[in-house]
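What follows is a pair of complexes built around chain A, which joins chain B in one and chain C in the other.
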Partner chain A sequence: MTQLPATTDKKLGLVIDLDTCVGCHACVTACKGWNDQGYGAALTDQDPYGAEPSGVFLNRVHSYEVQPEAGPAQIVNFPRSCLHCEDAPCVTVCPTGASYKRQEDGIVLVNEDACIGCGLCAWACPYGAREMEETAGVMKKCTLCVDRIYNENLPEIDRQPACVRTCPTGARHFGDLGDPDSKVSRLVAERGGFELMPEQGTKPVNRYLPPRKKDRPQEASLLAPLLDIKATGFAGWLDKLLERI
Partner chain B sequence: MHPAPSVIVFTVLSGLGFGFLALLGLGIADPKGWPAFWLWGLGYALAAGGLTASTAHLGNPQRALLAFTQWRTSWLSREAWTSVAALLLLAPCALGDWLGFDVPLLGLLGAALSALTIFCTSMLYAQLKTVPRWNHFSVPLTYGLFSLTGGAILAGTGWFALLCCLALGIALVWGFRAGDLRFAACGSTLSTATGLGSIGSPRVFEQPHTGGNYLMREMIHVVGRKHAQKLRVIAVLFAAVLPAPLTLWPSPLTIGLAVLLHLTGAFVQRWLFFAEAEHVVGLYYGKR
Partner chain C sequence: MIRQPVFDTSPPVSDEIRKTTCYMCACRCGINVHLTSGKVSYIEGNRDHPVNKGVLCAKGAAGIKQITAPSRLRAPLRRVGPRGSGAFEEISWDEALALAVSWMKPLRETAPEKLAFFTGRDQSQSLTGLWAQAFGTPNYAAHGGFCSVNMAAAGIYTIGGAFWEFGQPDWERTKLFVIFGVAEDHDSNPIKIGLGKLKARGARVIGVNPIRTGYNAVADDWLGITPGTDGLLILSLIHCLLEAGKVDLDYLARFTNASLLVNATEGPEKGLILKNAESQPFVIDRRSDQPAPWDAKGVQPDLGAVWQGHRTVFQQMAETYLAPQHAPEAVADRVGIPAPRIRALAADLARVAFDEAIEIAQPWTDFRGDRHETMIGRPVSFHAMRGISAHSNGFQTARALHLLQILLGTVETPGGYRLKPPYPKPVEAHPTPHFVSVPGKPLSGPHLGYPRGPEQLALLPDGSPARIDKAFSWENPLSAHGMMHMVIPNAHAGDPYRIDTLFLYMANMAWNSSMNTAAVMEMLTEEKDGEYVIPRIIYSDAYASEMVAYADLILPDTTYLERHDCISLLDRPISEPGAAGDAIRWPVVEPDRDVRGFQSVLIDLGARLGLPGFVTPEGTPLYADYADYLVSHQRRPGVGPLMGFRGNGSEVGRGAPNPGQIDAYIANGGFFQAHVPEEAAFYKPWNAAYQDWAVETGFYDTPQPYLFSIYSEPLRRFQLAAEGHGFPQPPDRLRARIKETMSPLPLWYAPLGDVEGYPLHALTQRPMAMYHSWGSQNAWLRQIHGKNALYVPTKVWVENGFTEGDWARVTSPNGSIVVPVAHMAALNENTVWTWNAIGKRKGAWALDADAPEATEGFLLNHLISELLPEKGDGQRWSNSDPITGQAAWFDLRVRIEKVARHEASLPQFGVLGSPLETT
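So, the complex of A and B:
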């Protein structure tokens, strides 16, 4: 049903730390690897070894350069995936009921057996979280690895989204953002986590943690006295002469 | 946005078809006998042909019946209902005009449902906050006026068609202008998209992938925008200005010519409608 639940029991989502993300794309490949073999249609590639390779991914890592008012620019790696919005516009536009938001945990999913592949949900999403699986003609999106997080056949340590489990720097965190005492909620509170494009009114669940303030480079170098070299002798005379010309 | 031919054909033809059917239902065009058979047939062919074209862009058209289920929230689902209801309710009127009996009320209802169908079609686009150019009441207005004008020209309504042409022309010019201001007005920028605006001003350093993807093909369509200004003029000229004088002397020849001119303008306008529309997801790629 494409009517959104008024409230959800949990708000499962991700917290992504832009400070620690090194842009290695391990989450991108882990996501593709896991979601290619279990739940729903495969994430196919078109022309993978040809001139114009293209494929479906549920997670993409951008890189931005941020120029502060003063000081050098900073590179920020920026993973982008479904934010499992509370007011998910992708769900309400769906004509068939294939898109839905789960009342129990807030995960936004696609029932691929009911998807007609009209693409309207991808248009409605401001974050580019949905990509069409052109081979099967159905829409794909992040499932928050719903087939891992509740999967009792997996060791407990693996019961989290593939992207979180694989991240070598621990930049991705998974938990219940509806519970103010959860680890992820405390992280968001401590680090000033923010939501993306709040003006779009989607009320995303996922949060991003801003890069920490960089250490200020020391005002003067320790070597400053040594660096202030005064030319003497013949070189000093030349220096003075050249200054005058 | 990618201007998919199937969607352009759908919106233009079914828009014209439902506009014409509404005028037939209201009795503004009131043919009798065999001319009624052919004119109602033309209206049905345009409306149903357009709807059929729209299924060409579906990944799984065999499941299209499921699109009737979510009318509570989805404009696409509402459109499915109103279009089918309009076509069903108008059928007795069509038969009545052809075979010479009167059907009270149904024509009025069918016309109202045709108008609702056109409104639902326009809301598919106008509802999207993610495409600021579309997220505006000029879109339903333009779609409605296109249907009315096309229908009025086809029906050979003389002065009424001329007034529709004028109104459409004004709405188009104003709609283009209003649309140009929408993206800036929506407030989304790379700063809000990444949330990095509090640190400084962000710009794209490196793209996440070297090849293309569905998002870029579908939402970041930049081909042809360089001719946008010329195409706007062509759209207004063909859709509204050139057919206007022809409508005053309705004959099969002038109606045919006016409809051809109008449709040419409508196709150009509809292509631009998609090609010029920018989706906020383009911000992440530093493109629009």
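So, the complex of A and C:
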């Protein structure tokens, strides 16, 4: 069993705006592209041009239909990746110490040199956020692009996860959720950001911003006719309208 | 303290970044292509690029899999088996080009129209058009006829610009954004970036669409409209605004033809704009109540004028839409939106436009010479696309939407809809169609254009269509983008005539780019008197698409990372409202196969055929390749494909060719921008500073100010012809239809595809992760969308007793398909839909024959005919907009029934032989 740090210096994580996400999957392939050549083993694809293509993705987008009590059905697009939990069960379940949570920033990582590919961590994660890399026989997961966010070979503006950098709608935000004054913490406070499935007791760091209320009943501020056109005829309407000039 | 592994958090990212332009769809985003050890290792968005500003979509990042895709063609191919078998032999480029020339040269010398050259998802139309013009065939166009010509043509004829790439909302200032029929596409990243800006500041978004996915899913309000009724809704909104007097009278009087007079005299000029002795339109000046030139300094046009019995456009327009048939209560049932919601939407539009108006402290001077101290803005904006344009009433619906924008004063004003240079540009600044072919001679001008009246139709002396697609004929007079979807059916039928060689580029006509796919495959393979009815087909593509198997000669193209390209102001640039922009592609990696960029091949063919403009007077090739053409070609003196770094390297827009131009583009990140001066940023069609800048930058040679056409005189000219005036005259069978549909004021008529017995509407959308992609075989993207189901609304789901995993037979007047179904509640209750172009033919695209795309995946195309069913008049009308010829594939009506579960969708076709396994 592997130990979690009692506290971490920072709580780096993502804030994902479900009011803004259009479900375009840009984050999915940007993540795949970066991590295919980034930290640890490549993210291979089995049967890529065949009947059952199946590859490793560290981030996937699901679309759910929601039927509110009143009003039309809605679609919520929901990106899913590791939430970098404070009480990460994937870490404590790891028999080799390969899964660990970093003291300095709270990122949950897999040390692939120590990973035996047993899959216990994926089983323990209630969010389905880990995927097995079959070619290398190691477990893969979101690293928060740990090889980007501190990378001095990148311009400072690019030191953020690939999914955040690429998101066309700006629905993904990255920062320190342990700092109440950080931009991401303020966003969570303003927009009522929530934890995913808090009942699991894993204390996720990532937050989701809920969709804003949609399809509001219309307020009764309807347009008043200039005058009774039937009574005055078109000429009357025209005179009344052009009086304004 | 827990001991943690130590690793390098600052690894080297790559050896080199090369900046070029994406081509995974039509957005033309800037990309940083990272190379490591000479291979592409990562692709990300270019932060400096005007289109995408650093972001990139799912397709863009997945582009890395295109350059290793097994479906890439490897060498020129000559067909050896029967057409459609996929049996080919590899040949050399010299053999391939010699063969092409041996087919084309005799045609040019005897009957140039027997070569038909059509391009698909092409972005080099200024070159391909020039080539076809030099060849002398009238038969050339790109794919706009089945894409969105309704959008483009309605926009050009009304505001001198259009939705999609001609303009965009003022994302920084708009407070209310209404999006009509945008199926997650056109354009992709710019709309997403814009929506993100609106969401970040809490601006309101309203989606009008039968399907609530994508952009409509994040809209604050969703109106699940009945397909094909958008025009009815829009004209009803106009009714409400007029009724309440909530229209921008000052804008209408100054900047639109609302203040011009409509000729009321019976006869051949009735309904045309009244002209003075100098043939100029005029207005009645409120200061004097007398006629005055429309563009005179200080003139105050009177919208309410009646002069010698002639009324203004404004009065005719207002009276038309104030009529009770446009009231919300009269249209609500057909539109599928309750009348109070329509009235509430009108009230929202009026409130934001007039009560929340904005003002920018920027003085400007209009074309009349009148100075304005500020720029007034009406922060309501609109965007629209396929859901409007792919109907047979789409042209007039798009016109109606532009009219709504105009009445609110939201076009080219702050917070509204802004056009992108070289637009705005009036109809008068566009060419008219050229079509007269003479053996051995070039055409006298460009093929495509905007007719101003019947005398500019592409008709032969006997009145029959001059073009194989019948574009610019009486059947669809304003087919400004041609009608690619009619080429194969017409060539097969020999109507209006037979052709010899069909030359196609990047157009999957044997599959998802044709209506009536199965029939088209038969047309391509049918023989008569020992030869194919369409005798020769030359095709260029980078991948083993379905179309490859149906061609006789294949000219293999490169992928987009291996080629030169030009995103040019001469056709489809990357401008922003505040800057003209163009861009290049360049080979960031070299091809590892015996393939050549199609445009270089076309230039080579042009030289081998000795086409004017492609050879020197001595007959030697004028250009080495496409890269050389991009730098050296001059369309007009000093104006070439690229505007930046001309002459000595610092000249913009106009200047001599600069041999270092491409290197300068590469050093600049692959693009160039020329910024619009602050004073010229808005009111462009009427802003003297903008007009001067446009001339200086080379868009046109003199200022072109104009009035927006609420009332379209070209349309009225066609109506007059149908009423019996002038020459040429339409055939009698078409008179009634022309009179009805070519109304000079926007109108709504029921989609022509509506038929009894088919209660449901059937639509397709491209998924965002595959929209417009020429790479849906992509190893990553097919894991996101590898098969499609037909989405069925709750009412239909329950009526048919469907459960999860069920299959259905879907039937239209053209045939049946059997497909998997899935339930979706966020959907218009009479509409079914699916993702387009996921389904593939077995054996195509180098996918395994049991790939889900080829088993479960399906196309709706089989249900859509290029001809409508006969309706008692003995005619089978084209399934197109009667004005523009736009393929009306969203008019599709179907019925549905539950069937036993199937292993594979129907119809199925034989496994295509792979052109990659050659003899």
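The rule is simple: the second predicted complex is superposed on the first by the 215 of 245 C-alpha atoms of A that agree within 3 Å, B and C clash if a C-alpha of one lies under 4 Å from a C-alpha of the other, contacts with A are read in each partner's own complex, and residues count from 1 in each chain.
Keep this in mind: a contact is a pair of C-beta atoms (placed from the backbone, for glycine too) under 8 Å apart; a residue touches a chain by one contact, two chains touch by 3 or more.
Every value quoted in this text rests on a predicted model; they were computed, and no experiment measured them.
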| item | value |
| --- | --- |
| Touching partner for A:146 - first (chain B), second (chain C), both, neither | second |
| Chain B versus chain C as contact partner of A:44, first or second or both or neither | neither |
| Which of chain B and chain C A:103 touches, first, second, both or neither | second |
| Partner chain in contact with A:53 - chain B first, chain C second, else both or neither | both |
| Which superposed partner A:240 touches (first chain B, second chain C, both, neither) | second |
| Touched partner set for A:3, first chain B, second chain C, both or neither | both |
| Partner chain(s) touched by A:76 [first = chain B, second = chain C, both, neither] | both |
| Chain B versus chain C as contact partner of A:62, first or second or both or neither | first |
| Chain B versus chain C as contact partner of A:120, first or second or both or neither | first |
| Shared chain A contacts, counted only where both chain B and chain C touch the same residue | 3, 28, 53-55, 57, 63, 65, 67, 73-76, 114, 211 |
| Residue ranges of chain A in contact with chain B within the complex | 1-3, 18, 28, 52-57, 60-69, 73-76, 78, 80, 89, 91-98, 114-120, 122-128, 131-134, 136-139, 194-201, 208, 210-211 |
| Of all residues in chain C, those that touch chain A in their complex | 1-2, 4-5, 7-13, 36, 41-45, 47, 52, 54-62, 64, 70, 184, 188-189, 192-193, 195-197, 199-200, 212-215, 217-222, 224, 240-241, 243-246, 249-250, 253, 286, 303-304, 315, 318-319, 322, 340-341, 343-344, 346-347, 350-351, 768-769, 777, 779-784, 786, 824-827, 846-848, 850-852, 855 |
| Footprint of chain C on chain A - complex, ascending | 3, 5, 17, 19-26, 28-30, 32-34, 37-39, 45, 48-51, 53-55, 57, 63, 65, 67, 72-77, 100, 102-103, 111, 113-114, 146-147, 149-154, 157, 162, 165-171, 211-212, 214-216, 218-219, 221-226, 229, 234, 237-242, 244-245 |
| Chain A-touching residues of chain B, taken from the complex the two chains share | 1, 57-61, 63-64, 66-67, 69-70, 72-77, 80, 124, 127-131, 186-188, 190, 192-196, 198-209, 211-215, 218-219, 279-281, 284-285 |
